[in-house]
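The following pair of complexes shares a single chain, chain A, combined with chain B in the former and chain C in the latter.
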Partner chain A sequence: MPQEYDLTLKISRYDPDTRRSWIQDYHLKAGRILRFVDLFRKINDEQDPTLAWRSSCEHGQCGTCGMKINGKPLLTCELLVERAVGLFKTHTFNVEPLTAARVIRDLAVDLENAYERVHFVKPYIIARAATHPDGDEYRISPRTLDAYVEATRCINCFCCATACVTQRNYLGPNAVLANIVRLMDPRETAKEKRLDILYGEQGIPRCRTARACSFVCPKEIDIAHFIALAKEGAFRPEPSSTR
Partner chain B sequence: MNTSIQRTGIEAYLTGILERSEKLSYYARAKGWGFVMTWAHRIAGLILVLYMFFHIYTLSALYEPAVFASKMKFVDNFVFGFLEWALAVPVIFHALNGARLICYEAFRIRHDALMIRWVFFLGAVYVLTLAHLMFMGNQQVSAGLFWLMVAIASTIASSIVYKKLRHTQNRLLWRLQRVSGAFLLPMVSGHMFFMHLNFQAGHDVDTITARMSGMGIKIVDFVFVILVFFHAGFGLYTIIGDWVEDRRLRAGLSVVASFVMAVFAYAGVRIIFSM
Partner chain C sequence: MNVAKKLKIDTVLRPEVLVIGAGGAGLRCAAQICECRPGTSIIAVTKVYSPQKSHTSAAQGGMAAVDSKDPVDKIVYHMFDTWKGSDCSADQNIIKKVCESGWEQIVWLERHGMHFSRTEEGRIAKRPFGGHMLNFGRVKAFRACYEADRTGKGIMDTVWGESLKHGVVFLNQSVATELIFKNGRCIGAVVFVEQSGKFVAVLAKATIMATGGKARMYQVTSNCRQNTGDGLAMILQAGLPVMDLDAVQFHPTGIVGPGILASEALRGEGGILRNEDGERFMERYAPTAKDLAPRDLVSRCIMTEIREGRGCVHPDHKLPHVWLDLRHIPEHIHKTRIQEVSGFFRRFVGTDPQKELCPVTPTAHYQMGGAPTNEFGEVQDDARQIVPGLYACGEFAAASLHGYNRLGTNSLLELITMGKVVGDSVAAYIEDTKDPSAIPEDAGGRVFAQFAAYLEAQGKECYAEIRDALRVVMMEKVGVFRNEKGLTEAIEELKELKDRAGRMKLSSKSLVMNQELMQFWELDNLLDISMVIARCALARKESRGAHYREDYPERSPEFQHHTLACMTEYGKVELGKRPIDMSIYKAKGKHHKKFGIIERKY
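Moving on to the complex of A and B:
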């Protein structure tokens, strides 16, 4: 296993002032456990300070550094050079911004714009169920929680929305998932409202069960499973079971 | 719900074969085989829509038997024979892959890697059987019994799907698309099978006319044609909806697609009842 790789990054660039888009090649040597965010930083330091990209926590928790590497949407803070070489069997990588929102510059997309779809589904409890009579806390049975706890791991990185076959007129897998989480959450009582969004024109009728969302999700959430539950009719409204 | 086992399963099985195609493996590695299957499903569907138009057009020559006979003479050669057989590939792929999607969406069958293997395996068995039948020459079957069996299979399949989706809040046309798909799986694969059992069945005017003169077969063919064009029309409608952002353009294109499908469905029904 080589200690250092000769890499070529073909990075999509975009200059909003001139509205020019182009692909720029960067050649660099990199150790096997460097992450892709480290490569971008290295490029900024050694070759080109104008390359724009985004990251925040760099621990796979904030969802800011999502990009497409050789077509695959992923978190670049989690992608080691060595793993990328093994996965794509090449030393040349196409680096593109996510398609879930408009590009601001180079690899940075407008996450505010992407979040509009998540906000649309109201990813919070719209109408609270009553708490348990013996206290002020909610009691959710482990079995109920088990059914949807996986979906609560979503960090809204928009990798799934970028991988999805349906790129237009669709809320996108993560926004649909946020809605489903609250449908499965017994603390929420506004189920009808949520079902209207779910089965609405921009909701699950646009999902083609391609499962690309589940395939790319860095949090390993099987999003397509939850969407299929909705198609199967698993969320028919029933009396709240919080109490 | 972890999907990593499924990823490995699919990749281990198919990568060896499909990696030879750089484009396919690029998408498979980037977005998974499910993504590739979805596009293949769409492309196969579009090929079938075009073929259905062509099929209705050629069958419309039955109004003038001499014209039909001369057309059939033109296609009576190895190249067209091969194309007729090759058509079974998109047909059976679209049908079986559709069944896989229904299993996933409505029946909670989550062994998707295994299901993809079954789609390829059963598809291969089907097309090879058709090739075998073509080489064997004419087989004698009772058309009435054959179509009765197919009609029963189609009715059972579509009833099961209908029962499962009836009380869900999915839109009516969305549900009908799955129900019609379940009906068409035995019907379309049976139709192609029947045509390959006996070469005359689809090429000789007298044989076709005799077969289509019974009321039972007319009813089966009527339901078949209506559901095929509904299924194709709704498929086009969803593709338009997935691609066209402008509301008015989307509505306009959907109306045009529905109109074209209705015209071809009408032409098909007219042929059936004029025999």
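Moving on to the complex of A and C:
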């Protein structure tokens, strides 16, 4: 296993001042466990301070540094050089911004705009159920929580929305998931409103069941599983239920 | 074309309230204002591109809180642990306020949708955490409420959701650059919007600062890329003081590379620290507690090994470190109890902790100090008079709940309790306060001059070199170990770095999403704050909590106070004192003796 790799990054650039876009090649040597965010920093430090890219926590918790590497959407803070070489069997990498939103500069996209879709599904409790008579917390059994706890782990990195085969008029897997969380949350009573969003114009009828979302999710959430539950009607109120 | 001359305020926005920093504390505060006073117009500024990306989201552990109906645990135990943990330098009025309202705030979060982990009975589950004990330090307490290993994310999603619900307007990817004052009252701030490259003035009845931590001046830190002390630098530039900035908490086992924490749980499950020779060095320093000695002690031992040449240097990250050995831990424990954290080594260092040694090194984690406030979150000046219209909460503020050392899980607790307190204060304040009238003519003058200097600077100095030099000097001389010689040298080096920073030339003069321009500004902020840390650390000739002076290894009654610091010009720091509140002790209640000047011994 080599201790150092000779890499070529072919990075998509865009300059909003001149509206010019181009691909720029950067050649660099990098140790085996540097991460792609470290590579971008190295490029800024040693070759080109103008290359713009976004990151924040840099350990897979915030979902700011999503990009497409050789076509695959992923978090670049988690991609080690060694792993990338193994995964893509190459030392040359195409680095592109996520397609879930328009590009502002280089690799930085307007995720603020992409977030509109998450806002649309109301990522909070719209109307809450009656609280416990003791006046403290709700009683939610671990089993009930287990059914949807995976879905609460989503960090809205928009990797799934980038990988999704439906790119138009669709809320996207992550926003749909945020809606499903509250459909499964016993504290939420506005289920009808949520079902309207779920099955509405921009909802899951647009999903074509390619399962790309589950495949690329950096948090390894099986998003397609939750969407499948929605498709089979699992969140519709049971006819026998009076509540 | 001269870009610098074009700097001006593009738009004036007039909400009732401005929140600077939209993390856990800022948005808990915003949600509270909206609950108290529906319809209040609020603008929240965040440096990240959506509030959900705030660093609060990265917090793992939990929030300590005692339900007053709890048959075993008592609020007074939690208050005692916090006081003892702080090495007798937290303010007791704050300890009381926070500990007493903790449970109520947990319930608030739960009612607003946070997905707490549950007990079999369906109630909020609790787990033990370092330093939290029953019966005044006797046995460990189950006190930390948590959402798996993502408690911070749970809080962030909840307060962000509530803010959206109430119609808070966000200025994302934007930084507050200058506070605006009129007749001594804070009436808002000048905000730079990165995405458009424009300056916006936000005029408000009340301004809340909650910009979080600032540890990016250290070579290894668990803090996110945005934590560059911008808010504190802005406070200093306004001529206001900061408090206890020398109190920086280091976690002993940061993972080399991302700097994130390899939790104590790994050592709790049997993990062993080893130096380059493979020696279990903790046996030499702490024969009984060994690898499980308190955080600050373990950090010092690791640094001693490194300083005495028994550390390693990581070939890729070029960082000195020691090893954490997890190879002997049984597979089923790797797979169950430490799965997440041992997974971090696989993911970020490409190391299999079941077969290989893991590189760890002390990491700058948390700032106990910050902008001094009273118990209502009102920011104080150097004469301890409140600054009308200006509030602070969260890690950014020093009320002070933590004094010179913070207990695990008390940070998240502070965000939600003090966030709520400040929300109540602000809601009452704006009720009978008039909107600020016209914008002062000189608003933005200081920041325009600063940005113009970046845009016009000529010279050959390199940003990355200065940044790296700063991070090394802070780690080595103002880090885990401090002494007079090192601190004096650090101050001189910082002056030189500040000088060099004025000779960096921008590659692109664009204002739109110009990362290099932001980095120049951040570097200036980091250099300012670093100088204040070094000056405060030099003046505090004792060791207390996270502040350790090799030349003064004991705590001293002479320094039984908070340190206030103002910086008039670079390197010239004026220090003042603020007494430590001892109201619990003075109230002469049942357990008051526990709240006197006690030893911090575990």
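By definition in this document, the second predicted complex is superposed on the first by the 236 of 243 C-alpha atoms of A that agree within 3 Å, B and C clash if a C-alpha of one lies under 4 Å from a C-alpha of the other, contacts with A are read in each partner's own complex, and residues count from 1 in each chain.
As a working rule, a residue touches a chain if its C-beta (ideal position, glycine included) is under 8 Å from a C-beta of that chain, and two chains touch if they have at least 3 such contacts.
These figures come from a predicted structure and were not determined experimentally.
Partners chain B and chain C, once the complexes are superposed on chain A, both fit on it without clashing.
Comparing chain B with chain C, more residues of chain A are touched by C. Of the two partner chains placed around the shared chain by superposition, chain B is the only one that A:233 touches, whereas chain C remains out of contact. In the superposed model, A:156 makes contact with chain C only, not with chain B.
Note on the composite model: angle chain B-chain A-chain C, taken at the C-alpha centres, equals 170°, rounded to the nearest 10.
By the touch criterion stated above, A:206 is placed in contact with chain B alone, chain C being left untouched.
By the touch criterion defined above, A:61 reaches chain C but does not reach chain B.
Within the superposed three-chain model, A:12 lies out of touch with both chain B and chain C [touch as defined at top]. Residue contacts after overlaying the shared chain place A:142 against chain C, while chain B stays out of touching range.
Contacts of A:52 after superposition: chain C is touched, whereas chain B is not reached. Legend: residue contacts after superposition of the two complexes on their common chain; A:87 is shown touching chain B, with no touch to chain C.
Closest C-alpha contact of chain B with chain C, superposed model: 14 Å. The contact surfaces that chain B and chain C form on chain A in the two complexes do not overlap at any residue.
Chain A makes touch with chain C in their complex at residues 3, 15-17, 30-35, 38, 44-46, 48-64, 77-78, 80, 82-83, 104-105, 108, 110-112, 115, 119, 122-125, 128, 131, 136-142, 144-145, 149, 152-153, 155-156, 182, 185, 187-188. Those residues of chain A lying in contact with chain B across their complex are 68, 70-73, 87-88, 150, 163, 165-170, 195, 198-199, 204-206, 208-212, 214-216, 220-222, 224-225, 228-229, 231-233, 236.
By the touch criterion stated above, chain B contacts chain A in their complex at residues 1-4, 7, 26-27, 29-32, 34-35, 37-39, 101, 104-108, 110, 112, 164-165, 167-171, 174, 238, 241-245, 250. Residues of chain C touching chain A in their complex: 48-50, 52-55, 57-58, 67, 106-107, 110-113, 115-124, 148, 150, 153-154, 157-158, 160-162, 164-165, 172-173, 195, 224-226, 257-258, 260, 315-317, 344, 347-350, 463-464, 507-508, 510, 512-516.
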